[in-house]
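Down below are the structures I want you to see.
Common to both upcoming complexes is chain A, partnered first by chain B, then by chain C.
After this line comes the complex of A and B, so read on.
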């Protein structure tokens, strides 16, 4: 019940706001903030009561919803969803504070924001396919409205594009969900859409599971977004208001990666294994392509948006490494990206509020007049490019380590993203913050105020916390990941003779003989030394 | 126990950095300077205590490890936030904290007029902290925190004058080029984990001979990747281009970061991983070759530069090339020896050049100097001492360390390596004295409105101390008699390598894999230390150095008209003066195509191809719906017609 309460608390807040007078802006904002803060604190309580040692669902509730079809209201949290859940309440709170200066229809804005929060939380706790689908579609609506009403000049185009991309993807997912529902009914005689039940009992042929996998893949890959389904993201980000971008980057994209971990991997382990090369290459292309395109952007938000494409490529790569390093890295990178990119969007929003432009060429020399802002921006930028000691590095390294176990070439290609990240972030930083303060419009820009510091400071604390002591966060999903890995471990599907043992050492067998041969050829080692 | 203090050493500068960074503007310049230098002094004193503690370790224990907390992990991969104290680390700790302290003191004088004094010291202290992490970390990833941390501080400090475009560009360039090296380093770490199942230095180095085949592919790839990492940080071919540009930073930065400590991190790393490098003769050849080549190439460029700091920058590149040459022939002690002496004399040279620049109000062009000897005597004499040291004149420190490298490059390497080293030595003596003569001797070419003056005590005292160290630093290792070689004996536990054991293990592994082991017998013939060859070589290289100095004397004192005549119309000179056009080459072949290609990707691929496909789909659907609209006319008679047509077609199909 507790989990249900926390999930629907923001929605309750939204309902309260409906009955408040439109004119009373400050009361509206305070009420919204009160609900957001309360929700965050309560979700922290979930975390402290969470049992790290088990992969089982916790805080669960399972009651019948539509009895005739066997659809239940089944919710619960495990290690994979807990942190995403807490991050959602956390970012909602930050977003409410960051939206303090919204002038247009503040009441409706806050209603949309709180409703969105419930929608997103619902996605992470749903343990029934239909319920999941309902929440999945439900959160689209407030997001669509936030972009479409409070967005920039091309907001209509962007919001429709956003909506259509995601809707198209999820329709195929619906088909797959229905197929599974009927299939389960046929094979086991139970009419249910329960995710845990399906995970344990789904038994389909490899061919069928590949089709189903593709259907889910499309829905989630668009959401993530993976190359080449990413083009909705820059448009949506550029047009969305600051808080919209923060939620979009911080939580909405994570629904995609969450979907892979909750559905694709456990439902279809063998199909997932078969598709590893495809996903890996798409992710690698995404990493490099996103970084390259980010480098030449003229709009700050577009740059951050494309950098998201690059970062999410890392997360996908980690998930499809199918080993504990990769998946744990991907999960912590989920959080890292949520923190760093949200902070970047907030920071971009700060200059946008002052200058109403985000063009890089309009700025330059801000370090001189906005020292606090510069320091914050620098820290966040460095965290985004994965400087060790900050959060990004922990995730990135584990992901790369994970994929290295699978294929050295993929790891090398993905690691090159690390170089490119430095290029686009530092070049942008130089053009915005350094150099001479030439543009007269920038002369009297104010440094960050207290409210803005309050939105950024917690994110910066988290950046160092995760960078230096990530165990606080990583131990929550240890058990769940180990359980998941035991199901999807590629060794389950490999023919036996490939599990050879090389003489180099216990770990050397991870390098496949073909790789070894190709390396030999490339190096042209002389036979005699 | 004293060793328990280990974690305090990097902590002090970190705290200093935080205090200065947050409150520096409020507490005033004196307090900032005091905190910065105080934290370094505390670090230095703690290092001494740790040294004493290390000496008290029981017999046979050469390494002390301290795990502060468990950093992160997944599956069977774990990495600790842990430090290790061993002889090599102690040497580096003393260099970093000792030389660092001296340069911090100097910087108080040099930076005194700056408004953002506090910002400088916040970065400077942060750098010291990161550098200490680098040398004290007990595993590859903790080293990597320091490794990227120093790179990051270097980025801040190069771009300290952030309103200058050239400074910003130089900072970004340094960071990005370093990242290329870091990319390789990261891959190496992953590969090491793959092979060893751990990334702790002591475990990896201990297990190396048992897990890696001598001369095998795996160890070659790992060490090559590590070396690429080192070339980035230590400015070697092909990644050296960032270092000369890095001279945009304030001079104390150039002295501490781009001469004494950070840029030698690559050498430290190679020595730290000597157990791996020893197993790959191919990588060793590459290391020595790149080192020797860099030594010569940078020295030739250094001969034709006019910016006083750029000459010193190329000289640094060249000297680090020496260190890699030493590593490549297996003379790790010599590499560390030269690293230490180089830290002394090069820091002194940079600080001296800073004193000159300070004395003539920011001028860095040597063509606008000259005759400064009488105006700044302390600077002059300390500068000359250090120049003699770098040129390798007996009995200054550079003489011993350089000769040890040259000796080993002949005896353990081959005549080509030795030839590279000797020619670089001659060039070094030449361009360094060219610098001295152009700056301090001859007619004054200083702008008449400027009145050159000696720097304050706070700046000259560090010069004197460093010049003193540059003079006596050679006592650490007098090469003739190996019993006297303090450094060699000291580093022995770290560098100990049993080739016979390694080869035996490799044979065993190859045999198990069903492969035939090549004959390695010739590797095991012991090499004798020939004292006479060494003495001969010493005399020879002394002669070479004197020749170089004499050349510089002829060109810049005796016949000042000669240089212009010689270089006139020489394409070789153009080539050298323009740094072999390497920067232009990189720009044309890598930077520009990447930027242009990215623009193309964005405009063509993203906007046209992908969005085009999406919009195209939408349009096609739209077109179909418009066609289908015809059928939805709303007239009952049309629907009736369709029903009739449909019925007839159905009948036709069925029969």
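After this line comes the complex of A and C, so read on.
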């Protein structure tokens, strides 16, 4: 019940706002903030009550919803979804603060923001395919409205593109869901769309599971977005208002990676294994292509958007390493990307608010007039590159470690992405912050104000926290990852290696606490100098 | 030879809804003589009549009960459809009250016609004999011809009526010819006897029967406005008075689908190999033509006409699926479609004023910031029509697609979901105008209470069926 309450609390807030008078802007903002903060604090309570030692679903609730179809309102959190859930409430709160200066239709804006929050939270807790799909589609509408109403000049094009891309992918997933629903009914005699039940009982031929895998893959790959399906992302990011970009990068993209971990891997372990090379190469192309395209962007936001494509490639690569390092890395990188990229978008938004342009060529020498801003930007930029001691390093290191065990060439190719990231981020940083302060319009730009500091500061704290002591976060999903890996381990599907399974496989699968501790030590080393 | 009318087979209780409604319709014709310009008495009487009809539908128990030599049946399908018809006719009448006053439609027979039309729909949905089906279709059609042209001084209304009449008469001809051929090759007009007859494999390959089926498809295809028999729909939808348009889009269509289902899915399931492909092609064409056509439209009524063509395509999947899920999903779909459609047309009416109907989509620019509740309701209806959760349209589509998947019609379902994606484009176009554009001129909309009430019912129905569909699904799936 508690989880339901937290999930629907933002929606409740949105309903409250409906009844408030439009003219009373400050009261509207305060109410929205109150709901967002309350929601975040309550979700922290979930985290403290979370049992790290089990992969089982926690805070569960399972009541009948559509009895005639065997569809339940089944919710719960496990290690894979907990951090994403908390991050959603956290970023919603940040976004409400970051949108304090929105002038146009503030009430409708906050309503959309809070409704969006409930939609996203619902995606992460749903344990019934029907319910998952409902939330998955529902959150499209507020996001569409946010991009379309409060966005930039090409907002209508961008918002419709965003909506249609996602809709096409998810509708094919709907067909797969229906197919699974009837298949389960035929094979086990139980009419259910329960995710846990399906995970345990789904038994389909490899051919069929490949098709189903593809249907799910398309929905999630568009959302992530992976390389050939990424074209909606730069448009949506560039046109979205700052908070919209933050939510988009911070949470919406994570719904795609979450989908892979919740559906593709556990439902179709063998098909996932068969598709590893395809996914890996698409991810690598995404990593390198995203980085190269980011390098030549003239628009700051577009640069960050393409860097997202590159970073999400890492996450995908980590997931499809199908071993503990890779998946742990992917999960922590999910959070890292949510923090770093959100912070980058917030920072870009800050200069955009002042100058109403995001062109790199318009800036230069900002370090001289905006020192606080420059420092914040530098920290965030370095974390995005993956400098040791900051969050990006932990995730990328684990992902590369994981993928190296699978294929050295892939790891080598992916590593080049890290180098390219340094190129585009540092080059951009140099052109914006250093050089001479030539443009007269920039002369009287103000440094960050308190409100802007409040939005950035928590993110910077998290950057260092994850970078220095990732264990706080990593330990939440240990059990879940190990359970997942035991299901999808490639060794299960390699008949010719069966003899070596005991001697070799066991060791490679499970990450022992001592190993983990030594790894953490390694990660903390650089900062201790 | 056995007697054609065995006395015990005339069961007036089974026929109660038809009788009650006919009596009320005639009562309205009489009352109109005294009422003068004030039509509220007629409205009240017709609403009472519809309520009584709905109640009397449950008079016959246990079901299924047959009457008139097995040519009329009270079964689950017809009971549920009677409920849909009475709800949709009541909503249509409520929508008409203020619209008719505004547009100067003073004919008292308007309400009688809607009731007579509903009588036809009930007959159509309850008939198990082709003669009865033909009678039902004729009653419905003739009432609709008159209703479409009831604005006698309006060119478009006249055009709509004439077009509908000419094409409709033509299609009825096809239908009748098809029935004749089926009768000729099976020796009966009774659907049960035909079903019995075609169980024999040698009967199935009779070319006359095939020909009859094709002609029946043409006839029904016209009534449900499926491609390629859809040409009339945009013009008629645009020209007819808006409440009549809403009425046509729901009730008669549902009735035609009920008969469609009874004739094809119930009577000729053994011959499905010969009509399944034909109907699939019609369904796919309807989806594509409807959705792609709707993208081009600038007039909201025309856009909704094309959208209803595409919905006919989706619903045809229920007939093609021909299983029990098919019939129950058909029921659920028509009920949710009724709420969404009346809601949308209610808002179309609200947006208009005397003399200027504001039917262009660009008239909706910036509506969200002048009348947020109206715009939000419109958004809910449109997204629900597109099939977005958590609204009724999504559950309905989910139901329909699951019926088709159960029969293994995977390709058809994939085409249908892709079409849903296309349909989002034009539904969202209206949302774009309402939320993302600045108002072009000041809104002078007519916020009249009864029309608003219909919109409210639409919203409640759409959301309720979307979030708590269980009870209705249970009712529909018996």
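Here are some notes:
Just so it is clear, the second predicted complex is superposed on the first by the 496 of 529 C-alpha atoms of A that agree within 3 Å, B and C clash if a C-alpha of one lies under 4 Å from a C-alpha of the other, contacts with A are read in each partner's own complex, and residues count from 1 in each chain.
Here, a residue touches a chain if its C-beta (ideal position, glycine included) is under 8 Å from a C-beta of that chain, and two chains touch if they have at least 3 such contacts.
Keep in mind the model is a prediction, meaning the values are calculated, not measured.
In the superposed pair of complexes, A:149 makes contact with chain C only, with no contact to chain B.
In the superposed model, A:423 lies in contact with chain B only, and not with chain C. Applying the stated contact rule after C-alpha superposition, one finds that A:297 touches chain B and leaves chain C untouched.
Looking at the shared chain after the overlay, A:453 reaches neither chain B nor chain C.
Touch criterion met: A:181 reaches chain C, while chain B stays clear of it. In the superposed model, A:105 lies in contact with chain C only, and not with chain B. By the touch criterion defined above, A:38 lies against neither chain B nor chain C after alignment on the C-alpha atoms of chain A. In the superposed model, A:138 lies in contact with chain C only, and not with chain B.
When the two complexes are superposed on chain A, the residues of chain A that touch both chain B and chain C are 164.
Those residues of chain C that touch chain A in the shared complex are 368-369, 372, 379, 383, 388-390, 394, 398, 401-402, 405-406, 410, 413-414, 417-418, 420-421, 424-425, 428, 432, 435-436, 469-470, 473-474, 477. Contact residues of chain A toward chain B in the complex are 161, 164-165, 228, 230-231, 289, 292-293, 295-297, 323-325, 328-329, 365, 367-368, 382, 387-389, 394, 397-398, 400-402, 404-405, 408, 411-412, 415-416, 418-419, 422-423, 426-427, 430, 433-437, 468-471, 474, 481-482, 485, 502-508, 510-511, 516, 519-520, 523, 525, 527-529. The residues of chain B lying in touch with chain A in their complex are 69-75, 77, 81, 141, 144-145, 147-149, 152, 155, 159, 162-163, 165, 168-169, 171-172, 175-176, 179-180, 182-183, 186-187, 190-191, 193-197, 207, 210-218, 220-221, 281-282, 509-510, 512-513, 518-520, 594-595, 597-599, 601-602, 605-606, 610-611, 614, 618.
Contact residues of chain A toward chain C in the complex are 64-69, 105, 108, 130, 133-135, 137-138, 140-141, 144-145, 148-149, 155-156, 159-160, 163-164, 167-168, 171-172, 174-175, 178-179, 181-182.
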